[in-house]
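Before I ask anything, here is the structure I am working with.
The chains carry the letters A, B, C, D, E and F, assigned in the order they are written, with residues numbered from 1 in each.
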Amino acid sequence: MKNTFQIGILVVCAAAFLMAGLNLSFGGAPAYTDMDDYMLAHGQEETGSNNIVTGVVFDYRGFDTLGEATVLFTVVLGAGLVFRRLGKKEDEYEYE
Amino acid sequence: MIELIVHILLLAGLVISACMVWYMDDLISAAIAFGAFSFLLSLEFLMLQAPDVAIAEAGIGAGLTTAIFVIAIRGTDKDGGCV
Amino acid sequence: MTDIWVLALGLLLLFVLGAMVRLWLGGPTAPDRVVALDAVNTITVCGIIVFGVAFNETVYVDVAIVYALLSFVGTLWLAKYIGGDL
Amino acid sequence: MVADVIVTICLGLGLLAAGLGVVGILRFPDVYTRLHAETKMTTCGAIFICIAVVVTEAGAYLATGEMQYAVLGLHTVLALAALVFTNAIGAHAIGRAAYRSGVRPDPAVVDRLKGVDIDD
Amino acid sequence: MIENAPFFCAGLLVVIGLVVIVTKKDLIKMVMGLALVEAGGVNLLLVATGYLSGGVAPIFTNAPSTAMVMPTVQAMTLTNIVIGIATTALLLSFVMVISRKYGTRDVTEMRRLKE
Amino acid sequence: MNMSSLVRSGGANIMMPFILVYGFYIVVHGHLTPPGGGFQGGAVIATAVVLLMVAYSRAEVRASVSKNVLKNSETLGLLLFIGTALLALTAGLAFFGNWLLDAGTLFGTPVAFGINPPGDINTGGIIPVLNIAVGIEVLGAMGILLLAMLGGMKGDAE
């Protein structure tokens, strides 16, 4: 019973994703390109970078990158905390 | 037309390696399949004109992902054996 | 001349699929699969170089250099695990 | 055009070598022979493919004088050097790990490493 | 139909990752399924959405022409890759700790009040 | 008993400087070349550190790779990132404003518009600085993650 339920959910998910793939257009004209057109037209003079992807990452969407750096810092903090506590509790597994 | 054939071959390799991750019961074989998946994914990004993403995927997937999975597999083994 | 390079790219991808047969169906032990993974790495580097020439993307070969420099690190980790050193 | 002939021959040789390497992976009996075939033949194929690329780019550079073709050729040589060097290290590591993990060669051959301490 | 092959492949990768998460009982295998969804499906879908046929990469150094693909999705994917590897590493750290506490990796054998 | 293999460690010693140099090239040329940027270069440099970890045994890794250096480099990267963004407030711009753009000083040359094949490394404003900051941070984060996971394994390898 439970197995049938899981398989049903997976079939519904697969059908949804494949239907979504039918309606998108690969390599064609997207519906809204205003933001990308603006970035390609003015990005070089506004950010001073020849690589528009770097310009978008560090200038237009800088807060995104700041959040990413914070996530990375938090992950390192969590991993270090987990293993340090473990090393203190049991003598067999040393860390530090 | 021939670019489409190249795309389809590459995507077939991607799906096959993903199925390999699902199929393998041996964990180290699954990690190897994940490495092959990462390489082919990076080549697909290169085909889609995204060299920045491709080089990030190559640098992350080549060394770091395999290293993390291998360390985790070794760190959770009971016997710590091989094969 | 462009068609020759694209054809070579297709053939290299067929070789990748052939190596993946050993990775999935064959390979009674893990070292066989690592050997197949090494073949996939090498042929992928060739594929990137051929891709860069075929579509005249002159700077994509940098990605191939990163592949060639870094792909053996994963192989070394797997070999270290299989050999029991880790 | 003599350069086109050279490029075609080198590319064909490289593809043939890479294909033979894959066939060797699929057909050989045990790990060590597969490792032998794979490392040698795919590296050989990479060398020939890179020769074809370098000849093409040199021809384009001499014909047009644009710098990007020369850059592509030089970077190809760098990638080839890195590939050749790292393949050797990887093959050594795989072979050593396979022997240490207990996989022995096919019983028809003599195991010359039986009594040897290979820890270092 | 067949031109949309990258979108179908992305959908299939997401579904395969979900199948791995649902059907397997090994914790590391489940993390691998999550990494398949994250690194495979989502990134491939994003990058394939921004692709324009005939466009080149959005870099003005050595570009052959000025018909370029969309840069925003590539920037978002670039952020997503690093976050993906970081979360995968954190999850695997938790798996190592859990496995050491319960002595197994199998989710069906983990009980809170076993001992 | 558990000595490191000579070919593996020697090969790693030879390959590591090239990977480091290539990673720095990727980081510094982040605003010019296609495979450029802080994330990618940081990942490549972190792979060089990971290569050191795989080439030697665990005791040698514990003795040679310093955890404090990686930890401090990660903190330094984040601080440099936020500090560079904050300094835009002193120039009268918003947070993350490009206060070095076209200033004539470091990275301040005005960029040539359109397709310019060689590129000029002295352009870009604060973008190269942020590239370097993110590169340092990714290097420290990945290195400390791998080192923590390696130290968290069971200690019966010998």
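Rule of thumb we're sticking to: a residue touches a chain if its C-beta (ideal position, glycine included) is under 8 Å from a C-beta of that chain, and two chains touch if they have at least 3 such contacts.
A quick note: this is a predicted structure, and the numbers were derived from the prediction, not measured.
Chemist: Where each step is a move between two chains that touch, what is the least number of such steps from chain B to chain E?
Modeler: 1
Chemist: To reach chain F from chain D by way of touching chains, what is the minimum number of steps?
Modeler: The fewest touching-chain steps linking chain D to chain F number 1.
Chemist: Would you say E-F or B-F is joined by more C-beta pairs in contact?
Modeler: Between the chain pairs B-F and E-F, B-F carries more contacts.
Chemist: Determine the chain that sits nearest the middle of the structure, using the mean of its CA atoms as its centre.
Modeler: B
Chemist: Most remote chain relative to chain D, going by C-alpha centroids?
Modeler: Farthest chain from chain D, going by C-alpha centroids: A.
Chemist: Between chain C and chain E, what is the gap in Å from one C-alpha centre to the other?
Modeler: 21
Chemist: Take the average of all CA coordinates in chain C, do the same for chain D, and state the distance between these two points in whole angstrom.
Modeler: 10
Chemist: Can you work out the whole-Å distance between the CA centroids of chain A and chain E?
Modeler: From the centre of chain A to the centre of chain E is 9 Å.
Chemist: In chain F, what residues contact two or more other chains?
Modeler: Touching at least two other chains: 2, 8, 15, 18, 26, 32-37, 39, 43-44, 47, 50-51, 54, 114, 116-119, 138, 141-142, 145, 148-149, 152-154, 157.
Chemist: By residue number and range, which residues of chain C touch two or more other chains?
Modeler: Residues 29-31, 34, 36, 57-60, 62-63, 65-67, 69-71, 73, 76-78, 80, 82-86 of chain C each touch two or more of the other chains.
Chemist: If you look at chain E, which of its residues touch at least two other chains?
Modeler: Those would be 3, 5-6, 12, 19, 23, 48, 50-51, 56-57, 59-62, 66, 74, 78-79, 81-82, 85-86, 89, 92-93, 96-97, 100.
Chemist: Which positions of chain A touch chain F when the two form their complex?
Modeler: 44-51, 53-55, 57-59, 62-63, 65-66, 69-70, 72-73, 75-76, 79-80, 82-83, 86-87, 92-96
Chemist: Report the residues of chain B in contact with chain C in the complex, numbered from low to high.
Modeler: 2-3, 5-6, 9-10, 12-13, 16-17, 20, 23, 26, 28-29, 31-33, 35-36, 39-40, 42-43, 46-47, 51, 54-55, 58-59, 62-63, 65-67, 70-71, 73-74, 80-83
Chemist: Would you mind writing out the residues of chain B in touch with chain F in their complex?
Modeler: Residue positions touching the partner: 51-52, 54-56, 59-60, 62-64, 67-68, 71-72, 74-75, 80.
Chemist: Where on chain B does chain E make contact in their complex?
Modeler: The touching residues are 4, 7-8, 11, 14-15, 18-19, 21-22, 27, 30-31, 34, 37-38, 41, 44-45, 48-53, 56-57, 60-61, 64-65, 68-69, 71-73, 75-76, 78.
Chemist: Would you tell me which residues of chain C are touching chain F in their complex?
Modeler: Against chain F, chain C makes touches at 59-60, 62-63, 65-66, 69-70, 73, 76-77, 80, 85-86.
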